[in-house]
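Structures given as structure tokens follow.
Two complexes, one shared chain (subunit A), two partners (subunit B, subunit C).
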Partner chain A sequence: METQNRLWRVLLLALPILVFSVLVIWPLLSSFYYSFTNWNGFNRDYEFLGLRNFAKIWTDRLFFNAIVNTTIWMVAALVLPTLTGLFLALLLDRQVRGARIFKTVFYLPICLSAIVVGQIWIWIYQPDWGLLNTFVKLAGNPDFNYAWLARPDSALFAVIVAWSWQQTGLSMVIYLAGLTSIPSEMLEVCEIEGATAWQRIWRVVIPLLTPSTVVVVALSMINSLKGFDILYIMTGGGPFNSSDTLAMHMYNESFKKYLMGYGSAISVVLFLIALTVIGVYFRQLRKVDEIYG
Partner chain B sequence: MARVELRNIHKSFGATEVIRGVDLTIGSGEFMVFVGPSGCGKSTILRLISGLESVSSGQILFDGEDMTRTAPSKRQLAMVFQSYALFPHLTVAENIGFGLSLGKTPKTEITRRVTEVAKILQLDSLLDRTPRQLSGGQRQRVAIGRSIIRNPKVFLFDEPLSNLDAALRVSMRLEIARLHRKLGDVTMIYVTHDQIEAMTLADRIVVLNGGRIEQVGTPMEVYENPANTFVAGFVGAPSMNFIRCCVDGDGVARFGPAGIRPTRPHEVSGDALLGIRPEHLALVDSGQGTFDAEIELVERLGAESLVYLRAPFLERAITVRAGGALGLSEQKLVGVQVDLTNLHVFSPSSPTLKQDP
Partner chain C sequence: MADVAVSVPARFNPWPATVFVALCILAALFLAPTAGVLLSSVKTTRAIALGDLWSVPDRIYLENYAEVLFNPAVHRYFLNTLLVTVPATVASIALGVLAGHVFAKLPFRGSNILFLIVVSGMFFPPQVILVPLFRLFNGLGLIDTLWPIILVHTALGIPICTLLMRNFFAAVPNALREAALIEGANEWQVLTRVSLPLSLPALAVLATLQFTWIWNDFLWPLIFTQSDDKRTIMIGIVNLRGQYTVAWGVQGALSLVASLPTLVIFLFFQRYFIKGMTMGAIKG
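Moving on to the complex of A and B:
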């Protein structure tokens, strides 16, 4: 009986391990391998280049452009949804009328795929009849027809807004859960000690929400590193590479220019950056754990 | 420092009335303890005094001034919670100085006052720690520190020792008593379900039941002259024994084969309940006491033993407090001697404490 149970356990675990290995471990190791080659993605023949792909990265102007854009993307994609989510949670945590409906409405975008969100915002940003420009026109600028996604100085930020719109619901829900876990006595202490609403939020509520912030930041970070589809659908990295992030750049090099070897080298660098960011994050996490347990 | 008056206080949550007309005056500098079983409304009254809950009707006055609708922060009171409610992200010093730091008190003044309070509570060496690095007793001292730093007129304690283990509870109890003496005439209102805390700390005790006051008095008054069977049964551990009896025209209480005449004056005749504390019963040889009963169980507590007795005419077992080294065995028939000077006679319609049989 015991051996049969064990056999079942091994069998049941083997399947997900196999799927994980084929879909995650194997591609991860392969891209490490191909980053040292000049494979084009199709041919069986390729040569070993040693570290030449990595040396090429240093001279690639577009790579550094992508690094800058990725940094902007990550910071903005982390900060914006976190702040708006926190703001909405604080607003909707009280017994306001219709709070439930608003919570549902704000959460809905997270249920949509990035492609759908992208399409919605392409429509909003459309220069001639898009929602945004229509409002600006109605507000007294009849000739306004700014092409948000076609201008290098606004394209990346326009996508960041769309991304934040989708991600806000997630951080809002996590913060709402965090707010319910704050012991009511702590807020009552504020009431007795005479804290203003601002002091209560700034000095007590937000610090006590740190465990929730940890989760929101982790999810936002992981999601933003993965953020590719929405950029792909809205700008494709353009115009003039102005919204080209590392993930976009890697895709373009690998699948558009068929430089799979070089693309793999970029993905290795992206992997190392992600690893460093997450490493730093986990170190900070330990400090949080010491205070909040 | 402040006299607290409650005038005909009612409080309902929805359709449920939890406080049903409470009138009470707590003297300036008095240590008043609210006791009662869970759900009796003791914490609710404390929260009404603090302003954290608003009354449904009635008035709350501090030194004659109507505070019924005043915000909690304007009532000049401090509250210590069962859960301590310390801020985990602040150090001990920051927690103690929290209230002062919200106002315009200069930093140097806050530091001076925090140091002063920390010294009183023996927290001086822990000022840089965070609450997680403290023991339960130290945490509660920090919570007390946070409340005394603003020199409040009224102190409210909501079961402050319930989260501590038995040994710490005893030492913290002493510390609170010492603090009350040290702070002079500060009014303290303390909620507990622990009778020992109530008896040892209180100047006066308020016994509550179902949102009403059953009795107010000094601990010994309440213990020696309980107003009804509820108070008699609730105050004192082990509980007072109750024996159903009939008081005849001569004032003799009869139950089973026994007939005794209580010496305390009372106005009950006919069906009645005799209340006898376990220490007012003595074990004697069978046939030598007021009545005989069989030993059901003996609990040996070291310094004393609790002997549970049964007899056919007793509704439930009665408890006798006896000496520690008792050579008694279960199922033995013994005589029970009743101390007639400490007998209480209650009317059977008096409010009773619900007890397990």
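Moving on to the complex of A and C:
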């Protein structure tokens, strides 16, 4: 029996593990390897630079800029979709009329591609007839034609808002799933004990939602590190690199300037950041499991 | 405060109405971006340029859709996207089924670690494997074909497919498997005749998720294809922006047409879609 099991394990796992190793694990490891080279993307040959690509990172003004922007993005991602998602989930948890339709509306953006989301929001921010400026004009500022995406001050935040619009549905879904696990008797007891609605939410519901919050925060941060498509279409990292993130910077160095060795060095940094976030996430998840599981 | 009213059941409770109104306002705000594109797609470029985008049109102008639907480039983009999405969706689910069965029913020493490694693959930014994959497919002479996109999506789908299939298979009672084995079935028959028929919802969940993600993808076709007749629809949207620079109506129509397959799937299989989203997120 056991020998048979062993055979089946090998037979069934061979293909998935092979594909995964060749197309994910191996490239991941070779990224480290190429980060020590000056491969240009076309020639077969390349030279070893040792740690020179990583030394260059320290002097690359655009890399520093990308780190700052990525951090801003991650912090915003930590706050915006989490809060809006929680707020919507709390509103929808009471059995309101039309809850199903509302839910559909709020998570509809998830199924759109980042390209289409970007396209939609380009129009919202369009200076002359975009929705945002149309509102500002109606509010009594008829000559307002601020170009949200063309100004270094606002471009990054404008993209983050568009991105949050899409992410909110995901946070909401996770919070709604978390809310179903809170026993209604507990809330009834609180009510009988005289807790106000406000106290119930702050002292009971939100603390009990901690497992969901861990998931939402981690997912938002991980997704923010991946953020590329929406930036590509909305700003291309500009103006003046004001919305350049690590993912974007890595793409530009590798596939615009063909500095694939240097691009790999940037991707190694990106990998290490992602690894840290995922490590903390798994640890928190285990801790949460111990307390709530 | 309104809070007081909540704890006194006999009195009028203003909360449901307040929540309902708040939700209506939020829903309107949430829908406004999409509605704007919908509105623009049935208006002339001139009307939009005159600042008439956000009003309800008195006449529906369908020329924008005709422009998109009769454009041979759009046909090509659609065909390419289908040729990538369908095989990659099927292949990634098939591989997830195989691996999921082992992790659920045939655990071995170290299988938990292996499972964790596979699953964590879904969290990493794709930029991390970009350069080596480009070199690999360049060396194989597959750049500017659809093959690398199909293969990479198959591989990147393995984490989520393995995760969901393992969780579903784990819920299939062991007694069923043992009974089948005693009857003389082998492991393959257990998987295909016992476990899979009981896990059809999982397949539906994965089919909706994978189809949507691969259809919507932009990065991999951007890296792996160059010529216009190998591009997928999301790249097509960006390419055609140049051709229809100020034809916002056409751009809007194109965005909607490109999103139609995923919108339809979402609206019809919403249950599965959401289930996949939450399962993938929480159990990860």
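Here is the rule we go by: the second predicted complex is superposed on the first by the 277 of 293 C-alpha atoms of A that agree within 3 Å, B and C clash if a C-alpha of one lies under 4 Å from a C-alpha of the other, contacts with A are read in each partner's own complex, and residues count from 1 in each chain.
Operating definition for what follows: a contact is a pair of C-beta atoms (placed from the backbone, for glycine too) under 8 Å apart; a residue touches a chain by one contact, two chains touch by 3 or more.
This structure is a prediction, so every number in the text was calculated from the model and none was measured.
Once chain A of one complex is fitted onto chain A of the other, the partner contacts of A:226 are limited to subunit C, with no touch recorded for subunit B. In the superposed model, A:191 lies in contact with both subunit B and subunit C.
When the two complexes are overlaid on their common chain A, residue A:111 makes contact with subunit C while staying clear of subunit B.
In the superposed model, more residues of subunit A are touched by C than by the other of subunit B and subunit C.
In the superposition on chain A, A:139 contacts neither subunit B nor subunit C. With both structures placed on the common chain, the touch criterion links A:208 to subunit B but leaves subunit C unconnected.
Looking at the shared chain after the overlay, A:264 reaches subunit C, while subunit B stays out of its contact range. According to the touch criterion, the shared surface of subunit A, contacted by subunit B in one complex and subunit C in the other, consists of residues 191, 194, 196. Partner subunit A is touched in their complex by these residues of subunit B: 50-52, 71-74, 77-79, 81, 83, 85, 87-89, 98-99, 102-103, 130, 132, 146, 150. Within the complex formed with subunit B, the residues of subunit A that make contact are 183, 185-186, 188-189, 191-196, 199, 204, 207-208, 210, 290-293. Against subunit A, the residues of subunit C that register as touching in their complex are 1-4, 6-7, 15-16, 19-20, 22-23, 26-27, 30-34, 36-37, 40, 48-49, 51-54, 95-96, 98-99, 101-102, 106, 108, 114, 117-118, 120-121, 123-136, 138, 151-152, 154-156, 158, 162, 186-188, 191, 212, 215-219, 222-223, 234, 237-238, 248, 251-252, 255, 258-259, 262-263, 265-267, 270, 273-274, 277-278, 281-282, 284. Across the interface of their complex, subunit C is touched by residues 4-6, 8-9, 12-13, 15-17, 19-20, 22-28, 30-31, 34, 39, 41, 88, 91-92, 94, 96-98, 102, 104-116, 119-121, 123-124, 128-129, 131, 134, 165, 170, 173-174, 177, 191, 194, 196-198, 211-212, 215, 219, 222, 225-226, 228-229, 232-233, 246-247, 250-251, 254-255, 260, 263-264, 266-268, 270-271, 274, 278 of subunit A.
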